Amino acid sequence: MELEQIKQAIKKVREKKPLIHHLTNLVVTNFTANGTIAYGTSPIMANAPEEVEEMVSVSNGLVINIGTITSEMVEAMILAGKKANQVGVPIILDPVGVGATSYRTNTIFNMLEQFKPTVIRGNTSEMARLAEIPWEIKGVDSVDNGEGDRLAIATKVAKKYHVVAAVTGKEDIVTDGERIALIANGHPLLSEVTGTGCLVTALIGATIAAEEDHFIATVAALTYYGIAAERAAIHAKGPGSFAVQLMDEIHQLDLNEIDQKAKIEWVNIV
Amino acid sequence: MELEQIKQAIKKVREKKPLIHHLTNLVVTNFTANGTIAYGTSPIMANAPEEVEEMVSVSNGLVINIGTITSEMVEAMILAGKKANQVGVPIILDPVGVGATSYRTNTIFNMLEQFKPTVIRGNTSEMARLAEIPWEIKGVDSVDNGEGDRLAIATKVAKKYHVVAAVTGKEDIVTDGERIALIANGHPLLSEVTGTGCLVTALIGATIAAEEDHFIATVAALTYYGIAAERAAIHAKGPGSFAVQLMDEIHQLDLNEIDQKAKIEWVNIV
Amino acid sequence: MELEQIKQAIKKVREKKPLIHHLTNLVVTNFTANGTIAYGTSPIMANAPEEVEEMVSVSNGLVINIGTITSEMVEAMILAGKKANQVGVPIILDPVGVGATSYRTNTIFNMLEQFKPTVIRGNTSEMARLAEIPWEIKGVDSVDNGEGDRLAIATKVAKKYHVVAAVTGKEDIVTDGERIALIANGHPLLSEVTGTGCLVTALIGATIAAEEDHFIATVAALTYYGIAAERAAIHAKGPGSFAVQLMDEIHQLDLNEIDQKAKIEWVNIV
């Protein structure tokens, strides 16, 4: 039954073709735009503080990714986030590298006081920082210390910020504080291409713009993406060809693949 | 005879290898640079207001694309545009998303008072906004309401701003206010890859830098690009592989392909 | 024996997986990040003046590339460069387009007074400008006037700035002012893809972070990259597919290829 909900969420994206406003980092703009077009959405990337509020107002979703923030970009993100809250546009926040510098950390905590995201997606160390649970970090990449505490981190982020929390890694954990899903789809080559985390954030942002159950929407995007990556890896000769084929697979994945390949463990569905 | 002119224009680009200065958006920098190198030009991307005038002065053409403008970028664009007019460097303007926000709309109209472009290239809704003819818009993407009024839009832009106007879409319309060409080359996958409109703008910018008849140059670039896209689509498995093959085809397209595949309708050649 | 040192340098990169902080240009962020991940490093791209010093302090290397500098970016680069000197993090500087505008030239000379790079990598015209030896320039691209003076240029840059100098082109020249290596690996398609020079700068930056002999490290990165390009070209159909395959080859190049394919001429090893 849950798999049916997953497929419905993806279908809603394809039918509604939501318009998503992205305030994202300089490294992944092109990859994110292409990945979200392939997924069935219309991306807008507009960063000027002068126009972000107007752009959010005509959008169906907002993606905020702090990978390469500057003071002007932070100003635009806060204006956009507040306006999104006012007009009811769902927000996904990707706290890239939070904990790596005090500027980055202070910025995220400031943002979380200024507007409320719908979903927060990060790797384990980033989400640990938001949960204020100790975790080893190496630059902007996470060092997995084991799977034991990741569920605690996800749950704390979900409850503390009243969001759907997605802690991604070899296994993805999604929770809204009550429902939990563990997703084991994906492929190691994802970690050999820059922006693959940013892209799944954007796909979640697209899905919560189309599917009102934001927990289901988040699980759907992660599962779809993981399966697309598994398929892309089959004929990949390395990270270059993998990235190209990932776009092709996101574009054309047959939803029946979800029935056959989804590896989701549902915990404590209430 | 016109096909011969088209081929001559492309040959001039390949021989002169013009140096083109791009002030473009953050999403398409890499794609545009690679596409214009493949086409036979040397791209320069330099955005600092401190240096754009000097860079324009040594360039053969200027591309201005407002996709992700900020106040500093607008300052640089106006400085570059004015200098280009002074030194006789042809300019192509791509009014990405004009009409979507008042900031974007005001900026374009301000630019058009500060400098005169040689060519303006946009989708139907963008060009309708410049022509001040009503048209439905969805974010930065155009919604085609039908082909009826597109010719009127192109003609009005051409006459109002004294430019060659290119209204692109399923069929491209090019006019200098007297001569008109309708180009039916291209492929639906172009709309599944970000920056494909921005790239054809850049290719037109390269061609008007090499071919003095700017109407012919614009038709040449659109036709060449459309045929390259058709060829790229043959073996594409989706938008990822299409984008890669589009680069390969732009790089090596045999000009005899233009004789065989060009779908151009010439109207009212004076 | 030198080939063994080359291979050891690459092995050190793969084992240490250095964390490299990049302050680079807007055109190549994605390509550079993917290329350096493929090479075995963790890239960080963080540009805000508020955080670059903290980010450098946790990094193993710093890459500074002035391709699309603005005043804010220059501020960040100088802060990062000074901090890197303080904490002993090696720096590679890529003076993209120096000589093309006075802003660019003044900025580079200002930077060279504010911090000391470990390696400088540029094309012939860029390095000639740093050496204050006349050389013809066309925009940001170099026009080779012949091979005669390139060695003099490299030697002068090395001695004047107390760096390892790498003058790249059809043949690459590397010198620390005493030892000299000439590398003839590479492929013409490298000049048909944007950012291939920026990427080799980044790979050198990664290698000097892992191998203390910075001359050997620089030769190693250039040789590895040239061989990867030769392999990538074998099945390439043009610059698009070449760029994709280059990533695949950087990722998986067998070090035994270096024994078989390296074309290095060692001069005056002291």
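We call the chains A, B and C, going by the order they appear; numbering starts again at 1 in every chain.
One rule holds in what follows: a contact is a pair of C-beta atoms (placed from the backbone, for glycine too) under 8 Å apart; a residue touches a chain by one contact, two chains touch by 3 or more.
Every value quoted in this text rests on a predicted model; they were computed, and no experiment measured them.
Common neighbours of chain A and chain B, listed by label, are C.
For the self-contact between chain B and chain C, the two sides draw on mostly distinct residue numbers; the shared fraction is below half.
Distance between chain B and chain C, defined via averaged C-alpha coordinates, is recorded as 33 Å. Listed for chain A are residues 26, 30, 243-244, each touching two or more other chains. Within the complex formed with chain B, the chain C residues making contact are 25-28, 30-31, 67-71, 97, 100-104, 138-141, 192-195, 237-241, 243-244. Chain B makes touch with chain C in their complex at residues 19, 26, 29-30, 33-34, 37-38, 42-48, 50-51, 54-55, 58-59, 72, 243-249, 251-252.
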